[in-house]
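Across the two complexes that follow, chain A remains constant while its partner is chain B and subsequently chain C.
And then the complex of A and B:
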């Protein structure tokens, strides 16, 4: 169990912000921090990693205290067992892919483990290349592998996939889920992508201006409802066409375009670009706006 | 033709540059990453030689290191170090005078480096020293090269400070820039021209080398 309590006044782009959060993460869970930019997500990440000092707070990881401002305990980032994947990857430009992984290696891991990791994220052909010559998706795979070399207890991913296109994102989501399970990690993710969140995370914490406004099972939090659908997808509205008494709504789900019928009341609430959840209960599709 | 002034000039420039490299990396590191309130003061002190007439610096050093004054007397008596009218004095003066030329490029190299590189290394359990030598310095090589060359070239071009604190002692403190002045004063234009031409050519080549390397031309040529 990871117990986090943090308070800090921050200077955000949108003005001053007082961050005050408290949450628990169970071992082996994949949780997502979600919220507008400037909500304090990255600051929480940096404080958990020890890269930013809170004004007040506590972080307990199982029986270990990482941070306790009252007792003046504050472990430096070097001593917290964290694998961190930065938004801009932060691969070392002066080292090849393999050297990046080897540099990250602590005393515990050996070359064999690095080889395993390279296989898991399919970097075999790229291991002697410098990061500058890699594509975004390839860099992200290196960053992910590098974060795992030290066999961390907690894996932290700061918007790892936001800069990538749909197909690569999908593939990397699978990689992340795979390593999360395989290495029995506790994973914290920052994400803006609702379908990604629902697909990947066990638990969701939504932040707004430094406060937690909602938390729970992602699908429930994001839809405000407990829909027991036979199937459900998240997508984005492309067009809304009125036809007599009903609306025909075109929705992009992943790469697929589908058409859904909505009645007059529902149709009026929707507009183009809305994120929606499409679910079906025994052959009558439900369309529901996600805010 | 007396080659000693030229040899002395390059000896001075070389020693100054090596010393400056050891001093400037920690100073630049501190200036780039510190949030201390003393930082503006330090920055000002480092940059002073850029704007101050060299004679001012030379004058105060002459006063401070004179054996007839307390500090200079102490150095002379206890350490046997006489810094006025000596080569050691020239080195010290050059180090102070060329400090900003080495510190500034390295400092901006550190500042322009994405801070997440440093963070990434810390999270991997690497110490500040390991991070500095394995990650930060290798990734600011162009800034290091610029600093080294600027400090070297600037020391070759020194005149005022050297004249104030070193005087004009042949074989000890008479560097090329002073020798030129000396030759002109005795109307020996041919010798002055020789020294000048050599200094001109060497500094031109050095600077050309830096711009070519940092501009990637050398790399392109070799590939």
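And then the complex of A and C:
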């Protein structure tokens, strides 16, 4: 169990911000911090990592105290057993994939463990290549392996996939979930992508101006209600066209484009770029095998 | 979307499916869902429930005594008719509130649906979604 209580005055792009949060993360859980920019997500990350000091707070990880401002305890980042992945890959360009991983390992891991990691994220054929010769998705796999080289207990991912295109993002989500389970990690993700959040996380914390405004099971928090229709997707509105007494709404779901009919009153409340939940009963769609 | 506030009367489950019987202002409703009490805790007798169905799924019939498989019947009076080239929108005042139906303009003509007429709005059991 990770118990986090943090308070800090921050200067955000949107003005002064007082961050005041308290939450618990169960071991082995993958939680997502979600909210607009300037909500305080990255500051919380930096404080958990020990890269930013709160004005007041406590961080307990199982029986260990990482931070207690009252008792003036504040473990330095290198003693906090955290692995990081950011949107930028931050790999050393003059080293090969293998050398990048070896450089990061410290005393905790040997070549055998590095080999295991390379296998898990499928970097076997690429281990002697330099980062410049890799694609974005491949570089992010190296960054993910590197974050795990020191055998962290907590994996922190700050929008790791937002620069990648849809298909690569999908594959990396699978790799992240795999290492999260395989290494029994507790993972904290920052993400804006609703389908990614629903797919990956066990728990969601939504922040606004330094406060937690909602938290819970992602699908329930993000859709506000638990509806019985089993044919459900989250997507983004591309176009809205009015015809007779209905609106024909085009929605992008993943990389597929679908159309859905909405009533007048519902249609009037929707606008382009809105995130929407589409729900239908499982009895309606037909299923057709593709050869 | 039509939403009616109802109360669960009984939940009959078999495997993953449940037939949920509900009541709202004296009218009976049934819905079949791929959920049981294990997967959706609110599926218990006496619990409040939202009965949800789309306007396009609302069937209109003349007269209440037609023998038909539809389980959800709401008698009422037409209080609004708007017709366009292909589709028409009708609002029916029923004991459970105003129900909106979108049907073809052809059907409106064939059934002679007009303001003030008494009709029955119906919905199939598998078209009703439930929410807490």
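Methods note: the second predicted complex is superposed on the first by the 278 of 291 C-alpha atoms of A that agree within 3 Å, B and C clash if a C-alpha of one lies under 4 Å from a C-alpha of the other, contacts with A are read in each partner's own complex, and residues count from 1 in each chain.
The rule we apply is simple: a contact is a pair of C-beta atoms (placed from the backbone, for glycine too) under 8 Å apart; a residue touches a chain by one contact, two chains touch by 3 or more.
Since the model is a prediction, treat every value here as computed from it, not as a measurement.
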Room on chain A for both chain B and chain C (clash or fit): fit
A:94 touches, of chain B and chain C: first, second, both or neither? first
Touching partner for A:49 - first (chain B), second (chain C), both, neither: first
Chain B versus chain C as contact partner of A:104, first or second or both or neither: first
Angle at chain A between chain B and chain C, C-alpha centres, nearest 10 degrees: 160
Partner chain(s) touched by A:86 [first = chain B, second = chain C, both, neither]: first
Which superposed partner A:263 touches (first chain B, second chain C, both, neither): second
First (chain B), second (chain C), both or neither touched by A:76: first
Winner by number of chain A residues touched, once chain B and chain C are compared: B
Touching partner for A:166 - first (chain B), second (chain C), both, neither: neither
Minimal inter-chain CA distance - chain C and chain B, angstrom: 41
Chain A positions touched by chain B in one structure and by chain C in the second: none
Residues on chain A engaged by chain B in the complex (per definition of touch): 46, 49-51, 76-80, 82-84, 86-88, 90, 92-94, 103-104, 106, 150
Sites on chain B touched by chain A in the complex: 114, 116-117, 119-127, 134-135, 138-139
Residue ranges of chain A in contact with chain C within the complex: 225-230, 244-246, 261, 263-264, 266, 279, 281-284
Partner chain A, residues of chain C touching it in the complex: 1, 31-35, 40, 42, 52, 54-56, 82, 84-89, 100, 102, 126-132
